[in-house]
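Please go over the structures that come below.
Shared chain: subunit A. Partners: subunit B in the first complex, subunit C in the second.
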Partner chain A sequence: MAEPGGAPRGAHQPVGSVRRSFAPWTDPAAQAFIRFEDVSRRFGSVAAVDGVDLAIYEREFFCLLGPSGCGKTTLMRMLAGFETPSAGRILLGGQDLAGLPPYRRPVNMMFQSYALFPHMSVAGNIAFGLKQEGLPRSEIEDRVAAILKLVQLEGFGARRPDQLSGGQKQRVALARALVKRPKVLLLDEPLGALDKKLREETQFELMDLQVELGMTFLVVTHDQDEAMTMADRIAVMERGRLAQVGTPAEIYESPATRSVAAFVGDITLFEGTVERRDGEVVSVAGAAGQAFRVVGAPRDGAVAAAGDAVAVAVRPEKMELLADRPEAGPNVLEGEIWDIGYLGDWTTYRVKIADGSIVKVARANAARHVARPLTWEDRVWIRFAPDAAVVLAR
Partner chain B sequence: MNRGLSRFNVVSLTLGFAFLYLPIVLLVGWSFNASKLVTVWGGFSTRWYGELFRNQAMLDAAWVTLRVGLVSATVATVMGTLAAIALVRFGRFAGRMMLTGMVYAPLVMPEVITGLSLLLLFVALDLDRGFWTVTIAHITFTSCFVAVVVQSRLVTFDRSLEEAAMDLGATPLRTFLLVTLPLIAPAVAAGWMLAFTLSLDDLVIASFTSGPGATTLPMRIYSQARLGVSPEINAACTILIGLVTLGIIVASLVTKRAGMLGKG
Partner chain C sequence: MSGGAGAGRSGGRLLVAGLPFAWLLVFFLAPFAIVLRMSLSERATSRPPYRPAFSWEEGPAGWWEKLGQLGFDNFAGLLDEPLYLDAFVTSIRIAATATVLLVLIGYPVAYAMARAPARIRPVLVMLAVLPFWTSFLIRVYAWVGILKPEGLLNAALMALGIVDEPLQILDTEIAVQIGLVYSYLPFMLLPLYAALERQDATLIEAAQDLGAPPWKAFWLVTVPLSLPGVLAGCFLVFIPALGEFVVPDLLGGSETLMIGRTLWTEFFNNRDWPLASAVAVVLLVIIVGPVLAYRHLEMRRLEAAR
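Right after this comes the complex of A and B.
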């Protein structure tokens, strides 16, 4: 394991070799590093966090994703020690954290506002945590210099926080937390204050850094792209509860609930009733008379018996848009192009179907010129494969 | 809209400031009068300042005032700061509203009442009135001013700075000493200046609570003025005005700087 603040940047194994085979959550013998056991936090009569059970593994890059007010920050603050659970326990490396004040916990946090001390220099900010440990001055100086190099801020040690740009402040805040070599690094909306371009660059830097340092990262974010890009696993939170925990691909391709489907990415829901179920194949009669056939068992075995009200959920990029009438069959819808959004790499079409509802279809712009481009009010057909859709319970 | 000052505005401003400052300007002017008569201008002179520094009673009183000011301002700053922290930080504890009101009350309490009630207390406790009773009285009435100044700074203080310090391993005490105190220091200093200035020019409360041998400068000036205004008194007052003005300017500059730091 590379030592944070010790290892020079560049001398490390390729990120892919670590990321490719990393999936401790599939290993029944793996021990959880952080464990939330039925944790709740109530403020008066409101439950900000409500009965959360969650296991996070060592060296995992874990994201808590959800809209503001869903309880994700409260959950993280309970791990840091700034909030006390109303019920349940939090274990770190097998140790119950109850009663341990923030300054004794082996976790460090990067604050959303960065919370840099305005009366100290960059080096003073970074050295603050090490001074609290009572380390000798020479070691503090070495570690501060090494971490400044790691976050590419060599020569900035003497500056004051108000002389830094937003991106530099973010790096100082990161360095200040990393230099303590915590077992878990908590990041509260770490990229929230950066502009789009810098945010994308920093996402990948954070990922590389996490692999390089072999540290467990827990990130709170409301930005699904950020979570999808960086995380090994994501927990989607909703009104204080966990709606779904899984890899980015699981969350996106097999959302467990309608709200997860709607929160992560775009999706169209076709309401309907289950007609028949043959093992993996579910036939659904759409409310507007469409016929759907979906392959792949619903996540919850209890749903999707004949007669159940369900929704067939399809992502925009998994639908084909055809200018000519295809062969009759399931999963085909006729409509009219209502709106076109040209994004450069993609074009999104909003298609009005027979019952008047709008379906969003995305098409990659693979060629620069198209002989017969689709345009407003064109008659089109939407088609998708049986394994492109997901059946969601109502 | 007329951006400049209209004639009406100029006149009303002049009259207003004249009303406020003409007596003071006259007093300062007369303090440089060579003549012993207060109503006859005898040319410019600083002789009364020299006389003043040879007047032992005046110097004793100034020394008492200075000591009372330094001690009471320092103690009041500590107490006022602690009260402000308690009021801002410890959420909703029982009696918080009442305590907040009680901190503000002395600001509007007539000084005569403050002075009289303290006098009654000292008499009841059978304390010998003198330097310490004046000092205690001044601590009592100035600490609420400190509390108000520090409180206004604490309300805008970013709590995540303290959380960050604790997260990095600092105990609550070290967090206070290393992060909170340095950042509210300008407000604390402004509070001290204010307390010192208030103590310096207090006459009413000092008159009630002082005893033999602890006559403050305002008390000495007042008692001399009753025997007739002398140019020497004018000189003493001019020095006092200078000190108070300086104190207020420093306090407001420091507060302004604190406000800028808070935004940064």
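Right after this comes the complex of A and C.
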């Protein structure tokens, strides 16, 4: 591929190995590239962003994830310079960005609506940012041609934006931001307007591109699958605050709060009270009389002591569904199959347990034929291992 | 089975499509044919004061015969007498100047309206249209009171010590320009506002994000995208300003010779209907030129947009 990004290329390694070893956030000596320090943004009496502290590292693919209205877009727009923080400061490469207008910031944004200039050709759109830098004509032409090749739109330079498909527009918007060789590329719901198939393809293209160019990507999305697939780390936002920051696996396997657990993936929460705690092992009495035993302390510093109200959270794929009564013990629930959703690779069962609540259990369809398939109204037992569940204090 | 309903529906469609055409035929083409006939006729001391070039009694065969010996004397007369040529040139100059002034004044106003909080925009649009609630004639007449030597403007200028003696503004071309700009401002504002208001604000953010300072983003994005609105406003303003009668008559005095007044004089003072009709026909031709050019541009734009 051509070389459109201006990032240092000497240390370029094969994609896989870079990705595997990339974890600067675990290195105490590593310097954050983007730093939000106690940043708030209030609109009237409403705080869209409320005291956010966040460090993003160079070459990181970082996702801000949350439902609409959680403040993720406002946070990104403050970095781009379209919103001014009401309090706190934002640093990029050690430099405070306060007072720097959007057109002087070394970041570029890909807008959710793409915001392509309708009166300019594809090439004109991409050249727009380079012309603002006052580059010589020949260099502009070379860079536009190179970036068109990179996003696989060679020969589309003379087209107008309204002559393009949704996927092509998305590529032009990406190219227009990339061609400026920004230190950070901001992507606001970059795949939101694409259909499912194209979205999945484009996710992987974006990831390859990011590693290839050695750029820092900051993506805003409400789509958890998108965030999980692409990001090195995810920040889950809720009502203007950061609920949890971590790798996709940390967010999924060790959610910090009930709401993070519920927002990312499917999960069943069993409310209960801590009975006893022996080091790592927490015994919880379920509200409906179940007995749970979970290995691992609750996250986020909230220590569960006897008497605390907590939730035992279990993902659907981490539970077993048994047709025969197992040995009595903790983490076993009896119920009745209420609903079945066959997805091909997986089947999800909604099981109604004694207290009337529904537990979602997923089973991989490893074999084509099952001798005695589970069906509606079957009596079943759910069982999970002590390390399959998480205790959530908040 | 559906034949009757289908015929009814297509009949209805024909009616809907046909009505505007019928309207144009009856109220535009037919009067124009009458004026055209008049312009080819000879002046006479009769009632009406001309001898028709064609009459119903002769029938189509007679018309055809007459076509060869038609007199274009009235049109030739327009060329012989420099008065008419002057009036046309002056009208075009004044209307063009007014159009340029209207763009320069209207654009910032329309831009401010389009960028105002969405809540108060309808109020601003209503304010722009508000003058239409009083008679055009009365509003222009009010300007006489403002501009005359002992009028409000001169009184204010003298009270402020800016001038020592009253300025002669009334009965000059400046007064006509003021009157035209005042009268036609809403016609410039509304299409400009419509073009600016529907513009996507994120385009400006995108331009700034790509390194363009606000003034450059405005010049490279806002202005080009509003050009159709500018063009529409110019035509809405230029065409009626060209034939304007009331403003030059009330504010321009006897010095300002615009085509509308010439037409009036020929019709009512000189009772030379054929000559006046010839003036009207030439005026129409002058106006049709830019309209066709505009349509051509518009078609090309739509073509490009597809």
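Heads up, the rule we're going with is that the second predicted complex is superposed on the first by the 378 of 394 C-alpha atoms of A that agree within 3 Å, B and C clash if a C-alpha of one lies under 4 Å from a C-alpha of the other, contacts with A are read in each partner's own complex, and residues count from 1 in each chain.
Throughout what follows, a residue touches a chain if its C-beta (ideal position, glycine included) is under 8 Å from a C-beta of that chain, and two chains touch if they have at least 3 such contacts.
Being a predicted model, the structure only gives us computed values, none of them experimental.
Per the definitions stated earlier, placing subunit B and subunit C onto a shared subunit A by superposition produces a clash between them. In the superposed model, A:Lys196 lies in contact with neither subunit B nor subunit C. By the touch criterion defined above, A:His369 reaches neither subunit B nor subunit C.
In the superposition on chain A, A:Pro101 makes contact with both subunit B and subunit C. Looking at the shared chain after the overlay, A:Phe117 reaches both subunit B and subunit C. Using the contact criterion defined above for the overlaid structures, shared-chain residue A:Asp162 touches subunit B and also reaches subunit C.
Subunit A uses residues 80-82, 101-104, 108-109, 111, 113, 115-119, 128-129, 132-133, 162, 176-177, 180 to touch subunit B in one structure and subunit C in the other.
Touching subunit B in their complex are the following residues of subunit A: 80-82, 101-104, 107-109, 111-113, 115-119, 128-129, 132-133, 161-162, 176-177, 180.
On subunit A, the positions that touch subunit C within their shared complex are 80-82, 101-104, 108-109, 111, 113, 115-119, 128-129, 132-133, 160, 162, 176-177, 180. On the subunit C side of its complex with subunit A, the touching residues are 200, 202-203, 205-213, 216, 220-221, 224-225, 304-306. Contact residues of subunit B toward subunit A in the complex are 158, 160-161, 163-171, 174, 178-179, 182-183, 261, 264.
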